[in-house]
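Just so it is clear, A, B and C label the chains in written order, and each chain counts residues from 1 on its own.
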Amino acid sequence: MFAYYFQLGLRSLRRNPLLTALMVMAIGFGVAASMITYSVFRATANNPIPQKSDQLYAVQIANWKPEDLDKSEPPDALTYTDAVALMQAHRARRQTALYPVGPSVVPADASQLPFRETTYAWYGDAFAMFDIPFLYGGAWSAAEDGAHAPVAVLGKALNDKLFNGANSVGKTINLDGHDYRVTGVIDTWNPQPMFFDASNTQGFGDPAELFIPFTRAIDQQMGGAGNFNCSATPGSGWEARLRSECIWIAFWAELPSAAEAAGYKRFLRGYAAEQQHAGRFNWAPNVRLRNVTQWLDFEKVVPPESKISLLVSLGFLLICLVNTIGLLLAKFMRRAPEIGVRRALGASRKTIYAQFLVEAGAVGLAGGVLGLLLTGLGVLGVGLVFDPQIARLATLDFSLMGLTLLVATLATVLAAFYPTWRAAQVQPAWQLKSN
Amino acid sequence: MLKMTHLSKVYRTEVVETYALRDFNIDVKEGEFVAVTGPSGSGKTTFLTIAGLLETFTGGHYHLDGIEVSQLNDNARSKIRNEKIGFIFQAFNLIPDLNVYDNVEVPLRYRGMKGAERKQRIMDALERVGLASRAKHYPAELSGGQQQRVAIARALAGSPRLLLADEPTGNLDTQMARGVMELLEEIHREGATIVMVTHDPELASRAQRNVHIIDGQVVDLSEEPRFHAHNARVADA
Amino acid sequence: MQIKPILAALKRHKAGTVLIALQIALTLAIVCNALFIIQQRVSKLVRPTGVAESEVLTVQNSWVGADDATAASRTKTDLLALRGMPGVRDASFSNSYPLRGGGMSLGVKTDPDVKKPITGATIYYSDDHSIDALGAKLIAGRNFLPQEIRWVGSNEFDAPAQVIISKALAHKVYPDGSALGKPIYLALGETGGKPSTVVGIVERLQVPWSGNWASNFVEYSVLVPYQSTGAFGSYIIRAKPGQLDALTKAVPALLFKTNRMRVIPAERGVRTFAQVRDEAYKSDRGMAILMGVVCAVLLAITAAGIVGLTSFWVGQRRKQIGVRRALGATKHDILSYFLTENLLIGAGGVIVGAALAIGMNLWLVSHFEMERLSLLYVVVGVVALLLLGQGAVLAPAMKASRVPPVEATRSV
């Protein structure tokens, strides 16, 4: 029976090619617009580390007076003082302070120019915390952190570039004229958004290819390659920078259970209270512990462009559907006499429903196919609208293709309910009476 | 009132020319009640559509109330239809979206008549056909006979000089048909000119004069039809 | 004309009427807001920077393995080499430049004893060549003198004795227009500090940031007579007319010839100011384009929907159009019937749509950094949609007016 309805549907669609084309185009455009913007939204709203997103917490401590805070939220990074204090307290299962640095890599081959890679200074714990896969070797040890050792972990791409992909563990690389021993090479690791440094990258940037100990970077007076925000001018010199109330360091703690998280929050409050007693803070403890998803949300990693355009596109789809309801109504009611005859020949309401919904489904499917083409084109053109860092994440994969067809068909069938209901209301004798 | 001389109507397609009316002559005097009969396909409906200025004709002359209509443009023809002619159709042709009152109002609207006068006329016309109480009903809620009476009221509301009726009882049962016929006779007695197309001899016999059309030509049964027709053709040639 | 009977007839076609009105309403709501977004973005991206944009090249440089003393001497060597290049009008070195994306900002005060600055402003490290290299226009006072320029460490900031500020900032801190020669205090949340005398005012100089958050100090810039000894910085090179293209290749080549121990990023390392502007406003321009496309397609679809549904209505009402014609309606009467009908539906749609547009805007205002919708956009949108409706209905209405009166006598 389905085949018969489908055949009837196709025949009917061919009978009003213009009306059919209109509907298919409306659905195609509506679905494509929604899918293109959704692909961007999906990329930006992605959970970059789903298996651990509720175990990793970013720490915030209000070290500025309340009137310098935005909506009484503590700043989104820590001072050196606080970051080091939390590292020394060592109250989480694992923890790391981190900040982006900008050393230059000097190739051993003197004919090659020095270059820079996205580099992070952090603690050896970070690799295990962030589930970073190793190709060769492993993280540097806690002892090496403590010794401010000149060691490094390379990204796969950098290892390919410097050592042609060979196992480079134990070899040295030159950063800003100083040798660093390679302890490990990680496999491709590029969480999107880059949750661990959302405050500097806004979630999206070039993948990190080089990691060195935080303690070593501080020894080397490596200035940050990220934000450095102050509520008062810090004074001159590196030492003044470290002592200042300027914020530039992210701090992450791994707290596998809710109890541990609650415990850590108590510890943070206690730490802030201590600072208050010591006279550093002149205000009540104000601390935050946000897990990965909360952190990304707080950092507004999903750009407003992405949200607004998704909303506008959904509105667009809605209009296209209203349009489709109208056109389907026109199309179905034009066939009122035919429906009357079919009803007189013994078609039940149910069969009329089935016939017209199948017809609508065919329109929706055709719209979906057009939408798929347009989505493909649109995804290529996303770079025109969004930051290239984000645009390249928007891809037309199988799940998006499936979703496009599904949304198109489902939406059209939904839109067809009212016109179909109207069609099914046609009485067998109706056409004889109306003129 | 209505005078056609040597009138012809040709439907042209790419392949053939079909004469619907050929050397057609008729003269309906003011106040007459003429029934036009003939087999189906003889051209009675074509005659009526031309008489009602619904269609143009190909050759000959047509004087309506003394006016030669062949040269009139579309707007002028609309105005004549609106002011001088009332139509009664076999299928009633009420507008299903409008209620009885609004249906009767349609031709008056197009005449640009003032609201108060419109209302007066509509109520008079509905009174006349005995449907004043149904003013708010929609056509679908009325019986066939009632619908036709609304159509007659609509035709009457504009006080037309000429009433054209196309099988006015064709879609009605005998009893309803009789009622409609009596209404037409009453209207005629009050002075209107009526031209009614019908294939029902009984109905036709109630008119003052019968005109018979065969193959697009008038055969006046009250005289010697064939000879007359033949003569006309010779004269035309 | 005959509004009452049209309304009466529309009541019998509620579904179609409501659908068209709804479509018009939703379209109006989205188009108004989209146009407003376009206008906001476009007004942002046409803002002048105060830079001689067609003549400026920027190069991002960082020294490899250099301490403060060596970095400073290398930078000086670079500047000499750049200024001596054929095709170069002038060159300077700074921490940032307009639309760069990253930079430094401080608070500006006129009273050292208050804690809260009057406003934020960006700090551009400059020397006596900077104004010329940027192509900024000095409209009052004087440029820095060579002997005023100091080389300072990357972790040092000490208020300078002299500053040059933008006109917008001068008016902000000294609204009476008397900024020249007066002191300003560059500080954050602390009191005290050294005064910096305003020795010059440039007509315009934008801050490095193009984001909405910087929009309340977009032209508040302070040039300080400092050069950073740090490893990072940007060269701002102003080409002689017609020489810009040649310099984009020649400048990095010269720099690497002068000293190899540097990194000029492969991506975004060497940019003409046109590229700088392009990249800074990429998402604004993209958003405007996207909204424009959405508007155009939306209007087209709505128009097509009206054409489709009205055509259907005309087809459905052929008989009654014939009857109306038979009863004396002129072609013009029929045409105006459909135009009026559409206008009535459109009017219903735009009333709801205007309310939706404003509601949607209020929602956007509360959730995103958006401004309140100007009513002008609603008015323009209303007129545009009514015209669109009339335009869309014209073809089917013309078709309706051509239905011959004889249609009335044809059987169904």
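Note that contacts are C-beta pairs under 8 Å (C-beta built on N, C-alpha and C of every residue); 3 or more make two chains touch, one makes a residue touch a chain.
Keep in mind it's a predicted model, so treat the numbers as computed, not measured.
Centrality by C-alpha centroid: the chain sitting nearest the overall protein C-alpha mean is C.
Most remote chain with respect to subunit B, judged by CA-atom centres, is A. In terms of their C-alpha centroids, the spacing between subunit A and subunit C amounts to 25 Å. Chain centres here are Cα means. That of subunit A falls 76 Å from that of subunit B. Per-chain CA centroids place subunit B at a distance of 70 Å from subunit C. Shown for subunit B are the residues in touch with two or more other chains, namely 91, 93, 96. Multi-chain contact residues, meaning those touching two or more other chains, occur in subunit C at positions 319, 412. Among the residues of subunit A, those in touch with two or more other chains are 435. Taken together, the subunit C residues at the contact with subunit A in this complex read 15-16, 19-20, 22-23, 26-27, 29-30, 33-34, 37, 62, 64-65, 106, 153-158, 187-190, 193, 230, 232, 256, 260-263, 265-266, 282-283, 286-287, 289-291, 294, 297-298, 301-302, 304-305, 308-309, 311-313, 315-316, 319, 364, 367-369, 412. Every residue of subunit C that touches subunit B in the complex is listed here, in rising order: 2, 5, 8-9, 12-13, 319-320, 323-333, 404-406, 408-409, 411-412. Residues 18-19, 22, 25-26, 29-30, 33, 64-65, 68, 102, 104, 106, 113-116, 176-178, 223, 230-234, 236-238, 240-241, 303-305, 307-309, 312-313, 315-316, 318-320, 322-323, 325-327, 329-331, 333-334, 384-388, 418, 422, 435 of subunit A are the ones touching subunit C in the complex. Interface residues of subunit B facing subunit C in the complex, by the touch rule stated above, are 45, 48-49, 52-55, 74-75, 78-79, 81-83, 87, 89-91, 93, 95-99, 102, 105-107, 109-111, 138, 154, 158, 166.
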